[in-house]
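Look for chain A in each of the two complexes below; its partner is chain B in the first and chain C in the second.
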Partner chain A sequence: MRQSMEPQQGPGVLRTIRWGQWGPCLALVVMCLGFALAEPRFATLDNIGVISDRCAIPLILSVGMTFVVLQGAIDLSVEGVMAASSLAVAMLVLNSRTGLDLGLFGMALAVLAGASIGLLNGLLVTRLGVPAFMATLGVWSVAMGAAMLLSGGQPPLIRDPALRAFGLGRTFSLPNLTIVALLVLALGFVLQNYTRFGRYSVAIGGSESLARQAGLPIDRCKVQAFALCGLLAGLGGTLESVRIGLGHVDIGVGQMFTTVTAVVIGGTSLSGGRGGVVQSAVGALMLAVLANGMIFVGISPTIQKAVQGAILLAVSLIATWQLRDRLRSVK
Partner chain B sequence: MKRAQDIGKAIMRNTPMEQRRAAGMARFSGCVALILAAGTVSAAPPCQKSEIRLVNSMREIAQPYHGNLDKGGRMYAKWAGLESHYVLQLNLGDSDKQVSLMRGLLAVNPKCTIFNVEPNADVVIKPMVDVANRSGAWIVTHWAHGEGLHPFDGNDQWVAHVAVDSTDAGVAISRRLVDAIGGKGGIVALQGRLDTDPARKRFAGLQQVLKEHPRVKLLDQQAANWDRTAAFPIVQTWLVKYHGEIAAIWAANDDMALGALEALRAAGLAGKIPIVGVDGIPEAVEAIGKGEMTATVSSDAYYQGSIGLAMGVCVLTGQVPLPKFWPRERREFYLRLQVITKDNAMQNRGDPQASAYAQEWDCANLWSRSKGPAS
Partner chain C sequence: MTEIVLRVENLRKRFAGVYALDGVSLEIRQREVVGIVGENGAGKSTLLKMIAGILRPDGGRIVLRGKGLSLRNTADAANAGIGMVFQEQSLLPNLSVAENILLGHEDAALRAGFYDWRRLRSLAAAQLDKLGSDISPSARTDALTFAERQLVELAKVLAIEQRTRTEPVVLLDEPTSMLDAGQIETVLAQIERLRGRASVVFISHRLEEVLRVCDRIYVLNHGRCVAEHDRASCSVADLQTSMLSHTTPAPHAPPAAAASKRPSTIALSVRALRCAGRYQAVSFDLRAGEVIGIAGAEGSGRESLCRALFGAEAPDGGDMLLDGQSIRLGGPADAVRLGIGYVPADRRIEGIVAGLSVAENMTLAQLDGLRRGPILDFSRERTLVRTWIERLRIAPASPQVLADRLSGGNQQKLVLARWLVARRPRILILDRPVRGLDVRAKMDMIRLIRELAASGIGILVIADALDELIAMSDRLLVMKDGAISGRFDAPDSLSERHILERMV
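Up next is the complex of A and B:
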């Protein structure tokens, strides 16, 4: 059976060094240079701190999403999971609504809530055979509804001073959330390159039927990927809540689209089997630089959306140009 | 005749300023009563109290503003002894759903159903009014509607439109902001979703005030889509770009103002740079009390969530004439807004009691917060 796949390559770190994967990096550098030339204040250490802070949550989310997309699936429940974990954390730590004060343990519980929603996604897809698109869309609504119920028109305010200080604070002039995001990225890198889960994920995305014939534990991998994605979405929602100071249903608004964009623009193929967490991180960084840079060079808010779209299109065109002549199905 | 007595009572209760108008109203509705008595078999109220249904139709209840709309509605229903007749419809940001939810409920007993509508978008008001006109249900709308549409243009089921003058809100907070920085310095503005009417008009209010104060300079404005988490990184970026130049932050709603506040907090500037917002949500009021925000302006969600229901009940129980006989300025008027600053922040904290609104729900005082005709 002939597959229109890319040539099979040996496993290992070496395969990450290919020209095609440097496209997005190059685009990122060009973008930074452009903004810095147009507005010198863009290229200051302070602004790098601001960009890294803006990038932290999307980066965490996109690491989780990368594994799901690598396997050729998608998780649309991110915003719902963020909302649910946001309300959960805000009601478990010292807050304005409940008498609880669980501190870090409360945060952990909220992240676990995210993981269990992700687990539910995985089970719906593998055990009940619901397509990932529909399953996660449904779970999005359910999680959103649960969050709304918890909120009840009175978003709980987080009053734990230590958590708030962590959310807003910096360590060695790096925002704390950025440090967490970098740890998550490192974890994702190890998972992807040095564990069976990571390699199987690439194989499943490349060709699920081949992977099945090879006897890989496909269902288990899928459940793990969805659970990880849920866990990181939960972490994202929790951290955003701690930073902004309340549990809110809209805490993740727009993040699903940002995350998928970051993953895809970084070079991970939506049809699966190609890409990785580092590429997604580059994608997330690109979006943060773009949003930040547009404010710096003074692009009018009325046309920012259009400019953002145009730049993203140009970047993805440049980044994937060398793949144009291959026999590749584009989805 | 009961109606005439009620109107008589209304005159007793009213201030001298309003007496003349009310007296005119009494004469007017006296005529109406005569016409009704002559033209119909009986002058009984349009509905029995047990038949009346109260519906609050709004976006969602996760935001404090919407939560308070609902609370206001429930508070009124309880006060009026109609607690079990209260229905809440949430469209979750879907305009079509707001109309279809309405249509669905009107399958039974439309003529005794009153809708108090927080429109998901301006354009949703027209179809909802059409549904009311066709089915005989009653509708009161809030905020803003499409151009050239008025309750008094033959829309007899459209009881009233309670408009909010967003330009006025923008002006009110901008004045406080300019005062707070002594009439000079650089400011930045966080706008709402740019394609919405309140966003445009609140910003127009700011521009109006800026024209009066040439020494206040608008350094930059960005759209944060009413969203707290979107406002946060924008303000962080500004703090780097305009390092030391920002004297104050203007926000088109409280959520964005509070996002800005957290960005200031992260930079150790909370309470040092004045911020203003719009809506009067509890957190903003708290921040004003603490001196971390300067001012906000409120349309009073509790009032908006209840006044339409009160109007409907007054009509359906025959305590006021049918809306088609009301003068124009009672069918479409601007709501008086409340500016909240440090001086009155304490009074505006927490949920109010029904007693605070009882007088305004009274059929004789339904228009006590009118600021004049809206057009």
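Up next is the complex of A and C:
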């Protein structure tokens, strides 16, 4: 019982990252090298800018999703939240439809709208006991409907020059949205590793019943995770809107798949308790690199979707393979 | 006499209408090590779980230092100064050791709401130091061995004293049952160490251990406290005697009648069956029409053995012969096909489907036999179900009642019926068939088991209380530490003492 553990060095946080989690990183590096060898134009600074641009919104979304999934739940309302906040921002800042011109404050309101939809998700799950899958699926549809109502078939155009400039602009040659995404990632990292909310989220995912038995505030953590996920989906929808310059119900189409895929292939387990925001960021980057690289090596856009799906399936299979063996030996 | 730290007054707990704990009172003094012994199902764990805030009592009081407690979870108990080391460990596997030790009480390691990991680790290390352990606080908990995790649990309990500024009450639920001899010594040494800074309650099946470390010992039997012993004036034999004294009327069934028509054919023969770490060299013969009871404490390997005989766990070696034919079970489906039935201990989880009716539950596994073409033959189902409801005396005698509306005893019969409806099994393995049943239901079930055996089925049965096991069985095997330590033909209550001696 006294045998000593292997001496370990380095800060505590890094020590909790284990070797198995480097798989996705390795895959990312291999993928980049492969594409770069096949097509030298892939490895140019310009193209890296394109990739980071493409990856910004999925990264923001997947940071929020990571906390929900870490707890063992799922949020399917992302696209609905994005649509609602897109319409909200487009009608609150200087635009072609309403007479409002709230500028940055309007943006903040749109993001908060996303957070309150997330809050609704959390309350449905914890207070009313609706399973996360069904609650967020329903809220997705409701938010989508609200966005359609606001849109009225005529998407409002965003005409605030400062916001458009921010959405399209660069700072120190990095796209502004990428900078926001990196800030969100940093925030997510701190939340996950240095706050009770983050650590309890990991604990809940590890075993909700043990966490409950230990008296952890489980419901509060769940509501916070859904609210955060909604807030970041709102931020994603808002940023995408100021980038393309209009509020549109389809602003988030495809993002649900991308987000969940990024989280899963990054190594965050859908049953919770394993993974984290950095892993999800790697997953988001992989998807962006893959989509971009496939164009370079001439894979037809029509089958790119299928390739992404196939990769998700392969990763899920690999991720659950060990688990399957373990289950077999137990049962 | 030193101060009384914890007093339990007339504590009661009911599960499904049956008292698991029926008015237990005891007291723990300062820096005292108190042992609690009793058969499986006597209520030891239930008692500790109520003191630790995991179960809520149905009656009675828990008084800590003169104040009545009302505990909702382990955090409440910890805040009051009570901590428990769990039999089925309570650490979160995917957190670090330090986080687990301070889980829910990280305030001292937070700086402006953010974790100061270095501080968290040093606080945890301070607790581990009390135990003389050098487990790294930053190690992931699931990377530790079982014994190391147990030490971490102990450190977590000791962390309580930092917060309450009083000496904690430490509850240990069979900390030694899963350990080897060397590790047991370490745990006992830890208990000695705890004596200097805490009050300890210790549950163990190993009576020698209890006598070695405990100052006083309470004996539980069928949910009641039947005796209190001082270590100074107590021997293993004294403990055994009090464990066996029955304060409640024992459910003695009609005497094992099978002796009259002692069957001849061997139905199942087990030869040198072994599974590393669980059981070794187990051999016995089960005859058609015979009931064999397997006695043994927690960790004796008897559950594992039964699961192997049903194909749910693969043994490492040895043979099983069914009617003289060697069989290999790839899974429970093979066992079912060969006519081996298994009724699990936890019928709520594994046995019945709560939302289905009695009839649906009964025929669930036999739908093939009730088909006419692709359509189920409902009139045949009805007749069949009615027959078995009558034969097993299931009440209420209605096929349409939802299964979860039945009492525990009737649910148990329903699970049994599922094995009987289509084709009579040759072997039935029953894991604790009378657990949680009241006295009448127990006697009814025991009679039923005897009847089933009389119809030619070979039955293997596990039960916790020895008197129950004796009432059910023609013969008895005793298992200890994975091996058969005793065999008893035609056991009666006189042999209880001898059986117990081989169990512990």
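Operating definition for what follows: the second predicted complex is superposed on the first by the 289 of 331 C-alpha atoms of A that agree within 3 Å, B and C clash if a C-alpha of one lies under 4 Å from a C-alpha of the other, contacts with A are read in each partner's own complex, and residues count from 1 in each chain.
Basically, a contact is a pair of C-beta atoms (placed from the backbone, for glycine too) under 8 Å apart; a residue touches a chain by one contact, two chains touch by 3 or more.
Just so it is clear, the model here is predicted, and its values are computed rather than measured.
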Output check: A:291 vs chain B and chain C. Expected answer is one of first, second, both, neither. What do you get? first
Taking the superposition on A as described, I'd like to know which of chain B and chain C A:274 touches: first, second, both or neither. second
Figure out whether A:123 sits in contact with chain B (first) or chain C (second), or with both, or with neither. neither
Looking at A:249, would you say it contacts chain B, chain C, both, or neither? Reply first, second, both or neither. first
Contact-wise, after the overlay, does A:182 reach chain B, chain C, both or neither (first, second, both, neither)? neither
Please work out whether A:54 is in contact with chain B alone, chain C alone, both, or neither, and reply first, second, both or neither. first
For A:155, using the defined touch cut-off, is the partner it touches chain B, chain C, both, or neither? Pick first, second, both or neither. first
Residue numbers of chain A touching chain B in their complex, please. 39, 41, 44, 46-47, 50, 53-54, 147-148, 151-155, 157, 168-169, 240, 243-246, 248-251, 253-254, 291-292, 295-296, 298, 301-302, 304
Quick check: in the complex, which residue numbers of chain A touch chain C? 1-2, 4-8, 11-13, 15-16, 18, 190, 193-196, 199, 202-203, 205-207, 210-216, 273-274, 331
Residues of chain B that touch chain A when the two form their complex: 60-64, 66-68, 70-71, 191, 194, 220-223, 227-230, 232-234, 236-241, 243, 258-259, 262, 265-266, 282-283
Per the touch rule above, chain C residues touching chain A in the complex are 54, 72-76, 78, 90-96, 98-99, 103-104, 106, 110, 113-115, 117-118, 120-121, 132-136, 138-140, 144, 147-148, 151, 183, 186-187, 312
